[in-house]
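As written, the chains take the letters A, B, C and D, and residue 1 is the first residue of each chain.
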Amino acid sequence: MTLLNQKHTTIEAAIATIPDGASIMVGGFGSPGTPFALLDELLAQGQSHLTLIKNDANEPDIGIGRLIRAGRVDRLITSHIGLNRIAIEEMNQGRLAVEMHPQGLLAEKIRCAGAGHYGFLTDIGLDTEIAEGRREIECDGRTWAIEPAIRADVALVHADLADAYGNLVYRGTAINFNPLMAMAADRVIAQAFRVEAPGYLAPETIHTPCAFVSRVVRVDETTSEQGRRTHVV
Amino acid sequence: MTLLNQKHTTIEAAIATIPDGASIMVGGFGSPGTPFALLDELLAQGQSHLTLIKNDANEPDIGIGRLIRAGRVDRLITSHIGLNRIAIEEMNQGRLAVEMHPQGLLAEKIRCAGAGHYGFLTDIGLDTEIAEGRREIECDGRTWAIEPAIRADVALVHADLADAYGNLVYRGTAINFNPLMAMAADRVIAQAFRVEAPGYLAPETIHTPCAFVSRVVRVDETTSEQGRRTHVV
Amino acid sequence: MSSDQERMLARAAREVVPGQIVNLGIGLPTRLFHYLPPEMEVLVHSENGVLGCQPLANGGEPDLEMIDSGGAYIGTRPGASVFDSALSFAMIRRSRVDVTFMGAFEVDQQGNLANWKIPGKFSPGIGGAMELAQKVDTLVVLCSHNDKQGNPKILRQCRLPLTAPRCVSRIITEKAVMEVTDAGLEVIDIAEGLEVAALRAATEAELIIDEHRLGRF
Amino acid sequence: MSSDQERMLARAAREVVPGQIVNLGIGLPTRLFHYLPPEMEVLVHSENGVLGCQPLANGGEPDLEMIDSGGAYIGTRPGASVFDSALSFAMIRRSRVDVTFMGAFEVDQQGNLANWKIPGKFSPGIGGAMELAQKVDTLVVLCSHNDKQGNPKILRQCRLPLTAPRCVSRIITEKAVMEVTDAGLEVIDIAEGLEVAALRAATEAELIIDEHRLGRF
C-alpha cells in the first residue's frame, strides 16, 4: 500500500498510474458521487480498452458517458443504463459488452470483494431470468445461488471532504457505491472538494478510513460537474 | 417492524419482550459498547436458557459475566473469553456450551445475516483446526469454506446518541459489533445516553439507520457500568 | 397528471400507516410523495441510499448531492439518514422497508410481477426492483389497467420475464383496487361510476367480486 | 520490563517505516507503541475498530469508550478513525495493514505460527489472530527465544495447533533477529555478546548464519 504521507497528489499524477485495459470501479448513482473530474482526466489521458464497473452509465455527455462515446470502454458491469441512450445503442450494436446485475447484488458483490471473500450465497433472483448461468448449491435444505465477488484494479471515488492521509467523508446521496468500491479495488483514487490536514476529521465521522485509499486529489467545487450539472441518474 | 413513532420506551418494557430460550446478540468488545443497563435488566427479569452471541464474555462480575454466573446462559457464540475465568470454568465443566470463531469471521457472519444472505465463501482458516467441520467447495479452481450467517432473535446494542425513531450514533471503540448486530437480529433493543427528537442527528453521522431498530431506551451515563468501570476486555 | 392518476395516488396514500417506512418506485409511485401529509410520521426510503426523503420545497435551491433513485432532487425530513448502497439493500433484503409501491408492465392473479424487461425492445437493466419486489413484505402495484393499445395488463399469467414471483400484495389501477389472495384476485374497490362488467371486460385475470362489499374510489 | 525486552522492542521499532499502518498484538507487541517516536507518521490499527491509536498521556483521564484490543485505554493521533468490526477485519483481509507484530508459543522454520491454543491447558479462543496472521503481508513475531522451562520456541516444525501456516516474515527474540526465507531461517542480527554456538544450542530450528554479515543488537 501507499505510505500515508505520500497520498496527496495531483490529478494528473494519480490518473497516470492507470494502464490501458484496466478494470475500474466508478462511484456514483446518477450524478451524485460520480467522480467527474477524475473521469475527465482519464478521458484526456487516453487510456483505452477499459472495463468499467458503475451502478449506471451516467448520461451520454457526462461522466462515463463521455468515455463510452469516445469508444474507450470495452465492457461495462452495471445495474441500470436507462438514462444513457448511447450506451444502450452501443450495447445493442455489440460494441459495448454489458453485464447487468440487480442493484443490491452489484453493491454486495463489490462489498464482498472489499471484505476479502470469494463470494456469498443468496436467494435473490431464484426462479427468474437472473438465475440463468448462476451456480446454485443446497444448504440446510434450501437452494442458494453463489454470487462471486467483483474486484477491480482501480476505483475512482468522489468524497466531500478528505484529509491528506486519504480519510474520506461523503455527503448526501453521493455516498452510494463509493465506500464499497474503495474497499474492493487494489488502487483507490479519491477526489474531494477539500483535502485537510490529518486531524481535521473527527474519527467517528469518517466513512472510508485512509487504509483503503491510495491517492487523494483536490478538485474544484465550482468547475467540476458536481458543481454545475442539473442532470441526474 | 415496529412503527417509527412507537419505539421510544422504558427499559423494563423493552426487555420484557424477550422470552426464555431466546438467542441474543450483545454488542461490545470488552466493556466499550456493551449494553450494561439492558443486560442488568435482563438479569433482573429472570429470562433463562439463553443463547448469547458476543465477541467476548466480558469479565466475571459485569455484563454477560453476571448472566453466565447466574446460570442463565446455555450457550455462548464468541471469539475470545480469556478475561472471564468463570466462563472458562463453566465451559470446561460442560455447563456452558461455547462455540468459538475467529473474530473477523464472527463479525462477518453476523453482518452476512444482516445483509440477508445465507452465508459467504472464505479462505480464512483453511488448513487449520478451524477448518474442521466446515463444508468446503471448489470455485475458480480454489477451495473455499462456506461460513453460514449467524442471526438472532434479539440484539442488545449500546449507542452514544439516539433519536426517538431509533437512529443510532456510536462513539469511539464502542462501535465494534453494535451496528452489525443491529442488522442481524429480528428485534433490536438499543440503549443510549441521550434520546433526542428526530432531526437532532445529521443524516451523514448516523451509523445505524432507524429502520433496523425496534426499541430505544435512555440509560443514565453516570449510573450504568459504561460510566464507572475501569475493567476492560 | 391526469385526474385518473390523481385518484389512484389519493387511494394509494390510504395504504400507508403513520410510522411506516415506504419505498416509492420510479414513475407514478414517486408522485405519491406529494399525497402523504407533511405532518404524517412516515420515512420514505430511496434505494440510492436515503431514508426520509421529502419533496423539495417549491422554488427551493436543490442540493446537487441529494437525489432519489428516480433522479429527482429531494430534501429530507427530521429523522432522515443517508448510507451506502450495501446498507440500503440490506434494509430491503431484511424486510425493514414496510411497503413498496411500483409500476408494472404486467401483473397476474398469482401475484407475479413483470416490470423490468421487454425482450428485444426494452432492457436497460433491473436496477433495484428485483430485491424490493422479492423482499418487501407489502408490494403495491400502481399502474394503468390497460396498456396504450388497450390490452389488459392484469393477466392470468405474466408473459414477460418476471421481476419476482408471487410478490404482489395489492394492485391499484384507475379502474380498481385488487388484493392478491390464495383464491385469486379479489376486487376491493372499483372506480366511481364503473360497471363490474366493464371492469371484467378490461381485465384478463379472473376477478373475485362481492358486489355488496365493493368500495368506490 | 526487562532490559532484554527493551532491547527487543527497540529493535522491532526499526522494522516500521514512516507512513505505514501497523497492528500490535496483545502482550509485548503492544508495548512497541512507546518505541515509535510521536512525530513518526504511523497509524496503529487495533482490530476492535480503531486506526491511529496512541498511548494515553501519563496521568491523562481515560475515555471509557476508547480501548485497544488488548484492553488498554488509548488516545488517538491526527488522522485517526473508528469503525465497526466488519470493516476492521475487511482492512485486515484486504492486506491494508502493512505490518503486524505478534507473540508466539511456537514458530518454525517454514514460517508456521502457533500462538492461540495449548490443547487441554489454554483455549480462550483465537480472537483476531488468525486473520491477522493469514492476511497481513509482513508478520513479525516478537517472543522469548525459549519458554520458562528453557525449551526452544523456534522449532523445525510447530507441534501446537497453527494460527496460520507459512505466515511469518521475521522473528525477533532476545537472542536473534531471524528472517523466514525459502531456504530456511536466516539469522540477520544476533544479541550483543552472544556466541553463534550458544544461539544454535538454544534453538531447535536449523539456522542459516553468515558470520560476516551478522548484525548485533
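By definition in this document, a contact is a pair of C-beta atoms (placed from the backbone, for glycine too) under 8 Å apart; a residue touches a chain by one contact, two chains touch by 3 or more.
Fair warning: this is a prediction, and the values are worked out from it, not measured in the lab.
Novice: Counting one step per pair of touching chains, how far is subunit B from subunit A at the shortest?
Specialist: Minimum number of steps from subunit A to subunit B: 1.
Novice: Of the pairs B-C and B-D, which shows more C-beta pairs in contact?
Specialist: Counting C-beta pairs in contact, B-D comes out ahead.
Novice: By CA centroid distance, what chain is farthest from subunit A?
Specialist: Looking at centroid distances, D is the chain farthest away.
Novice: Compute the distance, rounded to whole Å, between the mean C-alpha positions of subunit A and subunit D.
Specialist: 36
Novice: What's the distance between the Cα centroids of subunit A and subunit C, rounded to whole Å?
Specialist: 29
Novice: Which residue numbers or ranges of subunit B touch two or more of the other chains?
Specialist: 108, 115-117, 123, 171-172, 175, 203-204, 207
Novice: At least two partner chains per residue is the criterion; list those residues in subunit C.
Specialist: Each of 50, 82-83, 86, 89, 92-93, 135 in subunit C touches at least two other chains.
Novice: Who touches whom among the chains?
Specialist: So, checking each combination of chains, I get A-B, A-C, A-D, B-C, B-D as the touching pairs.
Novice: In their complex, what parts of subunit A are in touch with subunit D?
Specialist: Those in contact with subunit D are residues 1-6, 114-117, 163, 165, 167, 183, 197-199, 201, 203-204, 206, 209-212.
Novice: Give every residue of subunit D touching subunit B within the complex, in rising order.
Specialist: It comes out as residues 46-50, 62-73, 82-86, 88-89, 92-93, 117, 123-131, 134-135, 161-165.
Novice: Okay, in this complex, where on subunit A does subunit C touch?
Specialist: Per the touch definition, subunit A meets subunit C at residues 29-33, 55, 78-83, 88, 100, 102-105, 107-108, 110-111, 123-125, 127-130, 160, 171-180, 207, 226-227, 229-230, 232-233.
Novice: Considering only the defined contacts, which subunit A positions touch subunit B in the complex?
Specialist: My answer: residues 108, 112, 115-123, 135, 137, 139-140, 142, 144, 146, 148, 169-172, 175, 203-205, 207.
Novice: Enumerate the contact residues on subunit D facing subunit A in the complex.
Specialist: 17-21, 41-43, 45, 50-52, 76-83, 86-87, 89-98, 135
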